[in-house]
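Each of the two complexes below includes chain A, the first together with chain B, the second together with chain C.
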Partner chain A sequence: MTKEDVKQIVLDIIAEIAPDEELSDIKPEVRLREQLDLDSMDFLDIVMELRKQHGIEVPEDDYPELASLDSCADYLLPKFEAKASA
Partner chain B sequence: MERDPAKRIVITGLGLTSPNGNTLSEYRANLLAGKARVQRIPMRYMGEVNAGVCDYDPMKYQKRKEVRNGTRAGSIAIYCSREAVADSGLDWDGIDKARVGVYIGTTEHGNVETENEVYNISQFDYDTKYWTHHHNPRTVANNPAGEVTMNMGIHGPHYTIGAACAAGNAGLIQGAQMLLLGEVDYALAGGVSESIHTFGIFAGFKSQGALGDHEDPNMASRPFDKSRNGIVVSEGGAVYVLERLSDAQARGANIICEIVGWNINSDATDAVLPNPERQAQCMRAAIKRAGLTPQDIDIVSTHATATPAGDIQEVKAVREVFANCPTTYVNNTKSFIGHAMGAAGALELAGNLPSFNDNQVHPTINVTELDPECAVENLVLNEPKLVERVDTILNNSFGMLGINSALIVKRFVD
Partner chain C sequence: MTSELNGAHYDCLVIGAGMSGLAAAIRLAMFDKRVLIVERHNAAGGLNSFYSIAGRKYDVGLHAMTNYAPPGAKRLPLIKILRQLRLDRDQLDLSEQCGSKIVIPGYSLNFSNDFALFESEVAQVFPEQIDGFRRLVEHVKSFNETALDIQEESAIAVLREFLSDDALVNMLMIPVCYYGSARENDLDFSQFVILFKALFMEGFARPFDGVRVIIRALLSKYRELGGERKMKCGVREIVADNGHASRVIFDDGTEITADKIISSIGYAETLRLCSDQPGDAGRDNTGALSFVETITVLKKQPASLGWKDTIVFFNNSEHFDYRRPKDLVDCRSGVICFPNNYQYSDERKLEEGFLRVTALANYDRWAALTDQEYADAKDQWYETLQRRALDFLPMPRVRDKEHTTPPMVAHKAQARLVLEQYTEAKDMFTPLTITKFTGHLSGAVYGAPNKVKTGRTHLDNVFLCGTDQGFLGITGAMLSGISMANLHVLGAG
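Now for the complex of A and B:
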């Protein structure tokens, strides 16, 4: 698994929970909330879908790690890798 | 004596979605043509059930995320409210949204969303960490009205009126009362139902022996028929724009009709079995408040839900109040669309309003053999009745825990 794979997983979740948003030109280094109409409930949806679909837990203290696609990839890749090797 | 226009409440707009129509004209055409629309749908844990399903387009007024995060009741309330405002000709962008109130009747709210979440966590060994954070905003009792305010940018009061199946009338009555009190200048009032999405309503009626069935779904709801065997649950909604007459006239509004009388009372006898004595009292009190007599009522829109006991009870009440009323006609809408629960009263009133213009009384259908115990003078069966003139409509809506409501509307005369 690569960071690009993780970004795609996050984008797929966002496409599901924020279906009105245009996701084709998201800048990975820019905060998601600056590019998309996402509120705190939407971020909780991202956390829930990571849990439901991938068995990945994001503790509340770590929510800021999900700010951008790049930070999501940095933070989530080790979790996906740990899960794959478990 | 001339009545103060600031103390008279008129209907100036209407939006609806019904299993057999998403506009008043479509709905009315089907009521006159005898076209029911009930279908078999899959129901969690139960197999197939008969239900009235609406096919309005939620995307007409909502974003996809709003539909995903909100409730069906909220979506129906938004559709109906937006349609009502469009129908009213109000300069929506020009009015003070703090002076708009939203009063939506519901039979129940939260069952659908709670059942869905229990089912959801059942897929995760009942681990509650998979329970959605959307649960509470979806299930708070004000949800359908609150979704309307968020969608339409309304800053006045909003709440739902929980009144079992009398809720549609109760929503309208609440709106009228708030206008009379001067709390608001515009009321979006009516009722909604999302009840076909909860198995519990169906299973509850089935356990009660009150769930209607027939090999032809469109025959499943048949009030007054000798073989009737219960309720067909439906979704739907009807929301009205109400204003004080003085305001409506000042803006040159098209006035659909005037709300002239109402009453809500309580049986205090049984949780489910209706009480004809109190129903009759309710109708009489509404007629008295309107300054009318039973002979003045042209159409009685009955609540009858096609349960074996309930229809007989209501007919007893109607016979008593409207004895010696040769020009009072009686009909029912549930034979077409089933029981739209919290929307029923508001939707059933809506289907009769065009009678002011076309002088036709829509029938109740699906009566193959009239139950003699449900026979009442001038019951309009299976075919519409052309009458000389319709000036007043009394709309009955009753519910569990013994809540009765009657609402009277009148052709508008300045």
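Now for the complex of A and C:
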């Protein structure tokens, strides 16, 4: 698993919860909220889908870590790796 | 019999399969909660439903779905609902209104889903008020009506800060009250903002096949997600132990347990199910406002009679009184709706014409009538409301050759003759009908005057959604179900 894989996983989830958004040129270093029309309800869904599809838990205090694709990758990669080796 | 459920345990029980309960249940099923939705009636949809009499489908409720948002719009309630429930907008088959108006003697304001029309109408009819109106609109736009901690303010007082002509203040209040105020005469300004945006800035739409389309979309999504549903299954009692709901008893005696309960049936209605509450619990917060509605099936499309508006909000004086009437019905003000007058795609036309007229009504007065008096009162008020509606509609236009107007018949009498001649069928529902179909006390369509925005109750695992949580109408109810499920069941988990 690489950071790119994690970014793709997050993008796939966003495509599922917000099919009306254009995702083709998302800049990974820029905050998602600045590029997409996502609100707190949508972020809750990203977290819920991570749990449902991948068994990854994101505690509420860590929601800010999901701000951009890059920060998602930094934050989530260790969780995916821990999950894989468990 | 629901006995096969006896002893079952759920993560969450949702009481009521109306718009809000269905939306809440979908959210929970989506994230693998074991959820059961129970509904006392045999049909879903609650306050917004439909029935058939003599093979004819009557759509009860849906005049207009408020909060229309075009494809690609951002951050609007409808878009949030579609995302949160993972519905495709095509499933709702929404068509926009043709155009609506607010009419009082001497004044008429047209509006549509294009807010610029409304603004130009205000500028034309109330030239002295337009600057104040524009400032009011700016204030409304920048107001955060969804914050849970807003101080209550009188909407009328705020409107008067911007507008000096009470005729305009009242004209704004008529649609806002009729389409969502649970309070008599005034309402909280944040509620006004929600409604002003929903009605004027977003606008009206309708699925060609009416409210069934929305209910069907919700039910099939819920089914797809594996949610369980039990119809003809009312909740009789919520057994409370030390501030916690420990089990639930259904009408037939079946008992189940659930970690959490979301109730969409209303504030007082929910309290009264709880074993630790008196039978009249919540009586200081029950709604007083109810309505009657006449439904007239026409042999022609209303537009062919010259009736082209989608909705007409009317009031017969500059003073607007929105409260429980002393008489059975208050026909001074009301709402006329033509469900035919939407811009249905592909030239689709509803097979029959419909004219619906809604007015305020007094539940207690209707409840006190004997069967015969009730039937007579229905006939009498049906006639009265038709006449009143004709006062606010253009003179019906008839081109048929066989229609010959008797000479010397006064204008109004002639309009009545035409309407009678083109009436195919009629029905009327009263506050008692509303209570019968929804369980809402006093036929109060918009529920309790004081909303419970947090959704919390005196029991730590029982929450409210829908009408008494604060968001009204079809769109509002769905949003309420979603946000309460998120806040109290998903977010915490």
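Some observations on this one:
We take it that the second predicted complex is superposed on the first by the 86 of 86 C-alpha atoms of A that agree within 3 Å, B and C clash if a C-alpha of one lies under 4 Å from a C-alpha of the other, contacts with A are read in each partner's own complex, and residues count from 1 in each chain.
By our rule, a contact is a pair of C-beta atoms (placed from the backbone, for glycine too) under 8 Å apart; a residue touches a chain by one contact, two chains touch by 3 or more.
Treat the numbers as computed from the prediction; the structure is a model and nothing was measured.
When both complexes are overlaid on chain A, the residue A:Leu77 reaches neither chain B nor chain C. In the overlay built on the shared chain, the residue A:Leu11 is in contact with neither chain B nor chain C. Among chain B and chain C, the chain that touches a larger number of residues in chain A is C.
Put simply, chain A uses residues 17-20, 37, 41, 44-45, 48, 51-52 to touch chain B in one complex and chain C in the other.
Considering their complex, residues 30-32, 71-72, 74-75, 79-80, 82-84, 86, 88, 482-483, 486, 490-491 of chain C touch chain A. Interface residues of chain A facing chain B in the complex, by the touch rule stated above, are 17-20, 37, 41, 44-45, 48, 51-52. Taken together, the chain B residues at the contact with chain A in this complex read 63-65, 68-69, 124, 129-130, 132-134.
Touching chain C in their complex are the following residues of chain A: 16-20, 37, 39, 41-42, 44-45, 48, 51-52, 60.
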